[in-house]
Structure formats: C-alpha cells, structure tokens
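Below you'll find the structures, each written out as structure tokens.
After this come two complexes, each holding chain A, first together with chain B and then together with chain C.
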Partner chain A sequence: METLKTISGYFATIGVAFTVGFLFMGFRRILTARVQNRVGPPIYQNLLDIIKLWSKESAINHGLMQHMGPAFSITASVTTLMFIPVLRDGNWFQNFSFEGDLIFLLYIMVFGQLGMALGAGQTGNPNSAIGVSRGLSQIVGYEIPFVLALTALMVYHETTSLHEIMAAQDSIGGWNIFVNPLAFVAGIIAFLGMTHYTPFDVPFAPAELASGPPSEFGGKYLGMMMTSGSIFAFAKLTLFVNLFLGGASNLLELLVKALALYLIPVIIGIVTPRFRTEQAILFFWKWPTIIGILSILWVVWMR
Partner chain B sequence: MEINDKDTLTIVEHIKNFARRHSLFVLAYGTGCGAIEIPPTMTSRYDAERFGIVGRATPRQADVLLITGYLSVKTLKRVIRTYEQMQDPKYVIGFGSCTINGGMYWDSYNTIKVLDQYMPVDVYINGCMPRPESVISGFIKLQQLIKAGKADGWKKYQENLDWYRANQKKVIKNWNMPDYNW
Partner chain C sequence: MDITGIPFFLAVSFGGAFLAYLMNFAHRFLRNAVVLLTVSASAALLFWLGDETFSMEMGGFVLTLGKTPYSLFFAGIVALLAVPTVLFSFTYMAKEERPAMYYLNLLITIAAMYGILFSLDLLSLFIFWEIMTWSSFLLTIHKGGNATKAGVKYFLYSAAGAYAILFSVVILYNMSGSLLIEDVARSFVLQNPLMQLMLAGTLLFGFSVKAGLMPMHGWAPDAYAESPAPFTALFSGALSKMGIFGMGMVLYQIFLQSPFSLPVRELLAWAGGITSALATLRAIQQTDAKRLLAYSSVAQLGYIVMGLALGTPLSMMAALFITLLHGVFKAMLFFAVGAVYFRTGLTDLNELRGLIRRMPVSFLTVLMAIISLANIPPLGGFVGKWLLYESLIQSDHYFLVIVAFFSSTASFLYVYRLIFSIFLGQEEKEFEHVKEVPFLTMQLPMLALAAVTFITGIFPGIVLAPISSALTYLGFPIQHDMWSMSMLFNEWGNRMNLLAMISVIGTVFLTGFTILYFYRMRRTRYVTTKDIHTSGEVPTENENLTYAINFYQPFERAAHPVLSKSIRAWIDWIGRSVSELGDFLRHIYTGDGQTYAWYVVLFLTFMLAAGSWIL
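Presenting the complex of A and B:
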C-alpha cells in the first residue's frame, strides 16, 4: 500500500507540475496583455497550444539527434522534478530526494539544454546554431551566481540536502530570504537568466533569430518542448521556494509562494528590453557574482 | 477528420478540433502592402491573441500561412517552399484582392493572378487593403471551417500535387528547388 502511494505520488507530481506550469505561463500571457492594454488569451491557452501541437499529423526531422533533442529536454525536466521534494513534510510528494541532492541538481538542470543544443545543431539551420551558442554562453553567465548562492546556503546550513535546508527554515524569520538576503538576490538574478524571459531572452529572440534553437522543430517536437518547459518551470520554482521561502507544507501554500516568486521574472520581463549576449554575460559576471561572493563572506562571518 | 460509424466525432477528435481552432500560429508572409495591417491586428488595438492567434517566426511551427498581397513569380517560389515546410494540418489565408484575381496588378507581367491555382487557399479576405476587423473576421471564418471539418486544403494539395506542380512550373521558369523533406 505504501509503495503504491509512493508510485502514484510520482505521477501526481508530474501532473501537478505540468498543470501548474501551463497555468502560470497562461497567467504570464494575460498579465503581459493587460500591461499592454489588451484582453489577452484565456488562461488555458498554453494547454490548447500543446494539445494542438501534439495532434499534428506530420512531424519531420533531419536525423536521429533532432529526434532525441526534445526527448532529452523532457527527460531532464522530469528528472529534475523528481529529485526536488515538492512538500516539506510527510512522505507524499517526496519522490527521489536524497542527501546531497542539491549537488546533483546543479548538474542535471543543464542537461536538458545541452540535449536541446545537440538536437538543434543537427537541423543545420543557422538561426539554431546562433541561438545555441548564445544560450550556452548565457548558461556560463548565470551558473556562477547560482552556484555562489547555493554555496552560501550549503555553508550556512552545513548540508547539501534540500530536506535539511527546508527543515532548518522552520519559522518565517528563519527563511533564507531573510536570513541571507544577499544569496537570495544572487539566486533570483540567476533565476531571471534561467527563465529566458526578457531581458535575458537573446537565445530565443523571435524577431532576430526566428525563435533560435527550436526554429526547425515543429509539430510534436515543439509540443514536447513546450510540455518540458511547463514541467521545468514548476521544478525551478519549487526549488527556489524550497531554498529561500522555507518550502511548503501543502500544495496551496506552494502555489502561493511559487506564484510570488514567478511574478519577479514576469514583471521584470514585461518592462525591460533585451540584453545582447555579451551584455548579459558581463552583467551576470559582475553584479550577481559580487553579491554572491558577499553572501558567502557574510555567511562565513556570521558563523 | 475521422468520423465513427454513428456519423459523429469521437471525443478525442472533439478535443483536437477545439485545440486546433483555438490555437492558430500564424506565419505572416508579408509580400505586398498588406503586411502593414498585421501589426495593428496583433497589438493592443485589435488584439488577435484573445482568439489564440499568435505570430510565429518559422514555417515549421506555424499552422496558418497568411499571404498578404500580390505574389510576384519570384516570391511565389519562396511561398511554395515555405508552405511545403509547414506541418499538417496547415491552412492558407489569402489576404487582399491581389490573391483573389490580381487586384490592381491584374495586367502585370510578373505577378500571379489567382493564388488558388498554385496552392490551396482556405479563406480569402477581400479588400484593398482589408482592415484589421476583416482580418479577424477572416480568422473567425477559418475557425468555423475547422470546426466543420472543411478546412482541408492541405489534403487537397497532397491529393492533387501533380496539378499544382504543373501550374507552378508553368509560371516559374527556373524551377531549381533544393532537396528538402517536408
């Protein structure tokens, strides 16, 4: 019985992640529309897009690697999700989290984008190649503040387990956003880069690169990538809620906290234009990196 | 569209059909002057996104090919290639008088007159130029056709490929298309 409950928890996690992911993205589209004085699409529009793409009747590909690229992407998203404990306590929704999962997540989170890069590389489309080189450069940019922020938390809590980090933030005053605000700032700026919303959307710039890496992916391949994107958005938000906002003890609390975090990149994205690649990387290597180093110094001094 | 023995759509087909008609990714092929009507259609004033109509930058991701105006013989070649790269089911909207009968270019030596002879057009929007209101009403017409299962130009193109190819080769003298798979 217990095993059955655990296994159903895995599938429920994926279902919840997908649903929350596409609803949040629909919310973003509506919010963007309202800022631009428009009505905007219904909130379930992304689900319709995904169903439509999955029900396309032809799907061409230019070789095995293009076929595998979206599969890599969705595998990495689901794997990332599976190693993040969704709720703080109880054994429902804990999935595969283990001691040291934070180190593992650092590795697995870029796996999907690397797979995508391989897939896009085989299409032979020059826009894809430019988009991939920009995207990978941007990863090099935002990984540094992200790792610095995580290191600050790991040093502060003396653990690499997400579970213990969550358990240590037992009251609102103990949340890492208040205990170590510098790490939060560095982490959230890295998160802006991870979401690929403006100002850091230069890999996918539609007006400039014809949507970049996915420009040769249509039909079911694009549907798979959009599904993967919805799941990965939820996984990233859950990770940041666990790290900085003390996790959540039920799904409603998780939704509220995740939405609050999600509003930061969305609102910044609505009001900002796009950085060029070298500007984005210089930005990531300058301000968030300095803040991240300061947060580590702060943690060492505090202890 | 599959219809079962009771002559009704299956529930899966209903869901697919609903998704297809409420999520139209548009590739606007801005050939003639009609391209100027696309920005107001998409932006704040007329807001086509509330019907699920979104612009896409590449033919692979698009469902609707919007041909906005006259086609010279040179651009017809590119349009054919673009159309064939789109994934089924795909729809074509002919925009403006020029795609219907040549419009003001009716006696031009290097534009095509009737677009329907070279690729299957599902919906025509007439006018010179059609206002954004009529563009949106054309999209609504396309949604109704998809709902009724009548927007099957892509099937006609596959079935009558020889006829379309012959027509295309009649006007395009230097037919040297590169190899590509659809």
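Presenting the complex of A and C:
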C-alpha cells in the first residue's frame, strides 16, 4: 500500500509538472500575442499541439541515436523533477529529493541538452549542428553566474541540500531574494539563458536555423521533446522558488511564486531582440559574473 | 625466490619484456602470448603481493623495495590499463613497423612504473623513473618523422624534471644520510624552512613535469598526438599519474610539517585550476582528435592536482578517484580514436565524419567515455567531480569552484566536437566501406573499460575502499561514515544516493527509449543523411552539407582574449632562438679542417699584431 502511494506520488508529480508547464507556456503565447496586437491561441494550445504530435505517424528515421536523443531529453527532465522537492513539507511531492543534492542537479540539468545534441547530430542536418554549436557555447556562458549564485547560497547556508536551504528561509524576511539579492540577480540572469527565450534564443533561432537542433524531429519525437520541455520548465521554476523564494507549502502558493518568476524571462523576452552567440557569452561572463562574485564576497563578509 | 615477493614481481615484469623480444624471432603469436601473459601475470601477482620489504646493496647505496597501500592503489591503475593496452596493441601494431621494439619498450615502461611505485627509497625511485622516461621516449618516437621531434621535446622536458629530482635527492641524502623515504621525512622537518621550501619545490617541479601541469605541459600535446594510440592510452592514463603519485608522496610524506606547506599547496591548487581551465579552452580549438584528447588530459590532470593540493580527506578521495577514472575513460577515448585511425588512417576532425553506422561499438565507447569525462551522472566521472566540488566548497575555495566548474562545462564543447566530427553528421561515400574493428583484440578492451565506468558510477565503494586505505597510510583520517558502497557524503552531512539516481535515470530512459524505439523505429524506414529538411531545396549527390570546420567559431570569438595568448609559443620561441643561435654558430664551427686552419692563422696574426702593438 505504501509502495503504491509512493509510486502514484511520482506520477502525480509528473502530471502536475506537465500541466503547469504547458499552461505557463500557453500563457506566454497569449501574452506575446497581446503585445504584438494579436488575439493569440487559447491557453491550452500547447496541450493540443502535444496531443496532435503524439498521434502522428513518422515514416523515416536517421538511425538509433536519433531515437535516443528525445529519450535522453525526457530522462533529464523527469530525473531533475524527481530530485527537487516540490513542496516545503508534507509527504507528498517529495519523491527522491532527500537522495541527491544541488551538485547533482547542476549536472543532471545539462544531461538532456547533451543527449539532445547527440540525437540532433545523427540527423546530419547542418542547421542542427549549427544550433548545437551555439547552444553548447551558450551553456558555458550562463552556467558561470548560475554556479556563482548557487555557491553563494550553499556557502551561506552551509549545506548542499535543497531541503535545508528551504528550511532556513522560514519567514519572508529570510528568503534568499532578500538575504542575498545579488545572488538572486546573478541566478535569474542565468535563468534567462536557461529558458532559451529572447534575447538568448540563438541556438534555436526560428526563421534563421529552421529551429536548430530539433529541425529533423517531428511527430512523436517532437511530442516527447515538448512534453519534456514542459516538465523541465516546471522543474527549473520550482528549483528557483525553492532557492530564492523559500519554497511553497501548497500547490497554489507554488503556482503564484513560479508564475511571478516565470514572468521575468517572458517579459524581458517579449521586448528584446536576439543576441549573437558571442555577445550572449560575453554578456554572461561580464555583469552577471561580477554580480555573482560580489554575492559570494557578501556571503563571506556576512559570516 | 618467494613468489609473493616484490623481486619476483619485478623479475616477471622485466623478464617478460626481454623474453617477448626474443620470442619475436620465433613467431609473432608466441611473442603476443608472452606479452599478454606477462602483463596478466603481473596484474594477478598484485593480489598476492606479500608485506615484507626487500633490500639490496648497490655501490654503497641500499635500495629498498616494498609495497604500501598508497602505491598499491596506483599499481592497480597500471594493471587495469596495461592488460587492455597490450590486447589492443596486437591488431593495431600488426600494421606498424618494428613491433618487437614496441613490445619491448611497452613492457619495460609498465615494469618501470611498478618499480617506481614499489620503491621505498628515493634512489630506486629515480632509477626506475629514468627507465620509464627512456622507454616511453622510445615509444613516443616509434613512428619516426614528426614523432621524433615530439619525442625529443618530451625528453627535454622530462630531463629537466629528472635533474630537478636528482638535485633534491642528492641534497636529501646528504642531510639525512639515508635514502629511505621515511628517514628522509624524519630529518626533513629539522631543516630550516627555506631549505625545505627549495627541496620540496624542486621535487614538485620534477614530478609535475610528468603530470603536465602548466606551464610544464609543452611536451604533452605533441607526444600524445604522435605516439602509437594504444600506448597513448597508457601514457595519458597511467604514466602521467606517476607524477601525481610523486607529488602526493612529497606533499604528504615529506613536506607536510613545513610552515610553507599550506601556501605551496594553495599555489598548486590554483595552478591545477588554471591548468584545467586553459587546457580546456585549448582543447576546444584543436582539429586533431589526438591533440584534442591530449589537451583534455592536461586539463583533467589539473583537476587531480587541485584535489591533491587541497589536502582535505574529501578532496584527496576526489583526486585519487579521478586519477583512476581519468585513466579509464581516457584510455577508452584513445582506443576508440586509435580504432578509427586503424580503419580510416585519419585523426583529423575536419575530414572524418558519419562513422556511427560503420563503427557502432567504437561510437558506444566514445559515448560512455565522454559522458564520464563531462561528469554527467550516472557514470563514474560524476562521482569524482561530486567529491571534488563538495570538498572545494567546504574548504572555502569558492573561486576555485568557479574555475573548476567553468572548465567542466566547457569540456562539453570539445567532447561533443569529438564525437560529432568522427561519428555523427553527414555520412560520406568515402567511408562507406569502413568496417568495425575486430572483436577480441579491439572491441573487448574498449567494452571492458566502458563497463568499469558504469560500475564505478553506481558502486564507487569498490574504488573508495582501496582509496581509503591509501589515504589512511598517508595520514588522513578517513572515517567509515564518509562513504559507503553506493552512497556519498560530504562534510556537512549531505548525501548522494547513487542507487536512487540510477533507478530513476534507468527507469525513465528505458521507458522513453522503448516507446520511441519499439513503437516507432520498427515502423519507420531508414533514410540517408542527404534526405533531410533543407527548406524545399533538394541537395545534389555531391553537395557538402557538413558543418564541422570551425565548429565553435562563435565561442572562439568570445574567448579570443584568452585564446590568442600561448605559453607554449613562448617556450617554442626560446627553443627556436637557441636553434637559430646554433645555426649561427655553425657558420663558425663549419666542421671543415681548412676553415679551422684559417682560424688558427687568423688568431696567430691577431696575436702577433696585438702583441707588437702592445709591446
């Protein structure tokens, strides 16, 4: 009975993550449309897209690695989700979050992109290769401020466990966004890079690269990648809520906090043009890195 | 002779080398049998090695051999890589010239490494060190041509390191009257601190040359690129780790009590960090697979030095764990690149492409190795880096974390380029007839090592057990709550459960893969890489759709301020200047008797003129 409850908990988490993920993305589409003076699709449009993609038939393939790419991608998304505590306390939605720590999350989060890159590589499409080259370069850019922000938090709280970082932020004044605002700024700028929205969408660059790495993937492959994308978006948002906004005690609170965070890349994305790859990398290595270093110095000084 | 003694062990290792050389005149199968038997026998004998030490007097010096838990761990690495290396050599070297010489030098190198590890005094360590340098030099120049130049470079760097070591050994002997490492350590602490600093400095310099720490790394890219691939695996995987072994010994057996110990270690840690970052950036620029791996080796050795120099129990565990893992995955990569070279004759990343369907096992090997190299869970590389980052953060080296993490993330770039250029991308007609390498001698070593990366990723306890005893020997307090079979702990009490990790990753991956493979791929038909989305245009047969040259141009543009400078160029400039000076001197010392006779006449005339003027 206990096992059944645990296993259904896993599926519930994945279900919640998927639903919230596609709703948020639908919300972004509506918001973008309104800014561009369009009506936009309904909020559940992404779900319709995913259902449509899953029901399509593919006729061709380019080999085994192409099949493994989307599988790697969903592996990374679901594993990331499973090792992040969705709620502060209670038995639900904890999954495997006691079994791993932040260093593990750092690495498992890039696993999907590397796997996707391998899958895209086998298709032989030059657009995919160009996209991968840009995407991997951009990772080296935004991971630096991200790690700086995480290090600042880990050192301040003297733990690498998400649970303990959450537990330490027991009141609003104790939230890391207020305790160490510099780390939050560095982290959120890195988060802009992670979402791959403008100004950092050069790896996928619609209209230039024919959507880059996924250009040879259609039907169920694309469906699986979109599913994975929705889950991953939720996982990343939850991670940032846990790190900076003190986590959430119930799903509603989580939704509000996650939406607030999600609006930052969305709103910035709507109004900015695209960075070139080297501009993006240099941007990440400049201001967010300086802010990140200051945040660590701040923590060292506070201790 | 006692078969559990170290003399017998070394006799087997060295004797096998010469026996194999002789057997070459009988038949090559006989030779191969002897070679394989020698390395597997010495690997097996490691398990039964007795505890007693063995002394021998030679020219007034006492040479002492014995095993320690620390040396046994490194010997394990040598044995683990030696067997696949000779197995891989059998087919690979069949095409090359002078195989007898190759096997002789290879086995001597392996035996000399065991000799270094089992030396309890500095003189025998130095003797074996020189044997290793000589035999590995001969292996490096095996191909001739460019290899000779690379070999000479390697030898010059090694000679500089060796003289530095010899210099310290002589002074240490004078100070303590004994060559035994424990005696030396005991009298070392009585010296004045500046003397201690100088002696340790020269010793560390000598050992770090072999480890390829920047700026002493200049030999590594050339030597790794030019030596025969199976040997390169051993070269980068095991031989360069002898430098790490020596540095660990100096830092924690001799130098630890000195007041300069901490600053020197701090400096070394930063040297390691900077080495790993700069070498990673260089690796991204390379277009030759072996040079790329060479720079990657330099970078990985940088991590090991970092962990070694920090000197917390956790960081030492990390350093030794990466030492083993780097040996394993770098051997896999050199083997796979060697396999590609064996079939295509190419290592140039701009020319190779699309071999995945021709050489699937080599592809799988490279895939496993790069996942391990990029520290991505669930393979062994992740465990090493997890330990390293935890120890860096907990010993308050926050900025070193960033440097280490930067090079770790940037390593995704070069590993992807390696696997993409060789195996993925457009498939070309040119490589249509390429076949996978033979199973027993080439695939098996690669797959066996791939299995090691997988097992160590889930059950690192197998490796952490010998590491703990090695560290206990070096004087580190390793408690039992610091690790278990598949669980890692840091000093703050956080944990990483690797079994939970593999169950989640395994379940999701298998589910996802099964859906896509059995449900989809069975019903689809394979099309070539020409049959792709090209916005409506149909590419012709000979149209080039490859994006492989200048693969990371945007990144190189961003990193240009760093990449445009080079330490090696400076050292090469010094080399060139010396050689130009030599050329100039050749105009004077022409080697012609007539000219010298003229010099004598000129000199006498000058003397006469000068003399008459003065007088």
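By definition in this document, the second predicted complex is superposed on the first by the 297 of 303 C-alpha atoms of A that agree within 3 Å, B and C clash if a C-alpha of one lies under 4 Å from a C-alpha of the other, contacts with A are read in each partner's own complex, and residues count from 1 in each chain.
As a working rule, a contact is a pair of C-beta atoms (placed from the backbone, for glycine too) under 8 Å apart; a residue touches a chain by one contact, two chains touch by 3 or more.
All figures in this text were calculated on a predicted structure; none of them were measured in a lab.
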item: Partner chain(s) touched by A:29 [first = chain B, second = chain C, both, neither]; value: first
item: Partner chain(s) touched by A:268 [first = chain B, second = chain C, both, neither]; value: neither
item: Partner contacting more residues of chain A (chain B vs chain C); value: C
item: First, second, both or neither for A:37, with chain B first and chain C second; value: first
item: Touching partner for A:154 - first (chain B), second (chain C), both, neither; value: second
item: Which of chain B and chain C A:96 touches, first, second, both or neither; value: second
item: Partner chain in contact with A:82 - chain B first, chain C second, else both or neither; value: second
item: Chain B versus chain C as contact partner of A:210, first or second or both or neither; value: both
item: Touched partner set for A:55, first chain B, second chain C, both or neither; value: first
item: Footprint overlap on chain A, comparing chain B with chain C; value: 57-60, 62, 127, 210, 215-216
item: Residue ranges of chain B touching chain A (in the complex, touch as defined); value: 15-16, 18-20, 22-23, 25, 43-44, 47, 49-52, 55-63, 86-89, 181-182
item: Complex contact set, residues of chain C against chain A; value: 354, 356-357, 360, 363, 367, 371, 374-377, 382, 385-386, 389-390, 393, 396, 398-399, 401-402, 405-406, 409-410, 412-413, 416, 419-420, 424-427, 490, 492, 494-497, 500-501, 504-505, 508-509, 512-513, 515-517, 519-521, 523-527, 529-535, 545-548, 551-555, 557-559
item: In the complex with chain C, residue positions of chain A that touch it; value: 57-65, 67-68, 70-72, 74-75, 78-79, 82-83, 96, 99-101, 103-104, 106-108, 110-111, 114, 117-118, 121-127, 129-130, 132-134, 136-137, 139-141, 143-144, 147-148, 151, 154-155, 158-161, 164, 210, 215-216, 220-221, 224, 276-278, 281-282, 285, 293, 296, 300
item: Chain A residues touching chain B - in the complex, by the definition given at the top; value: 29, 33, 36-41, 45, 48-49, 51-52, 55-60, 62, 127, 206-207, 209-211, 214-219, 222
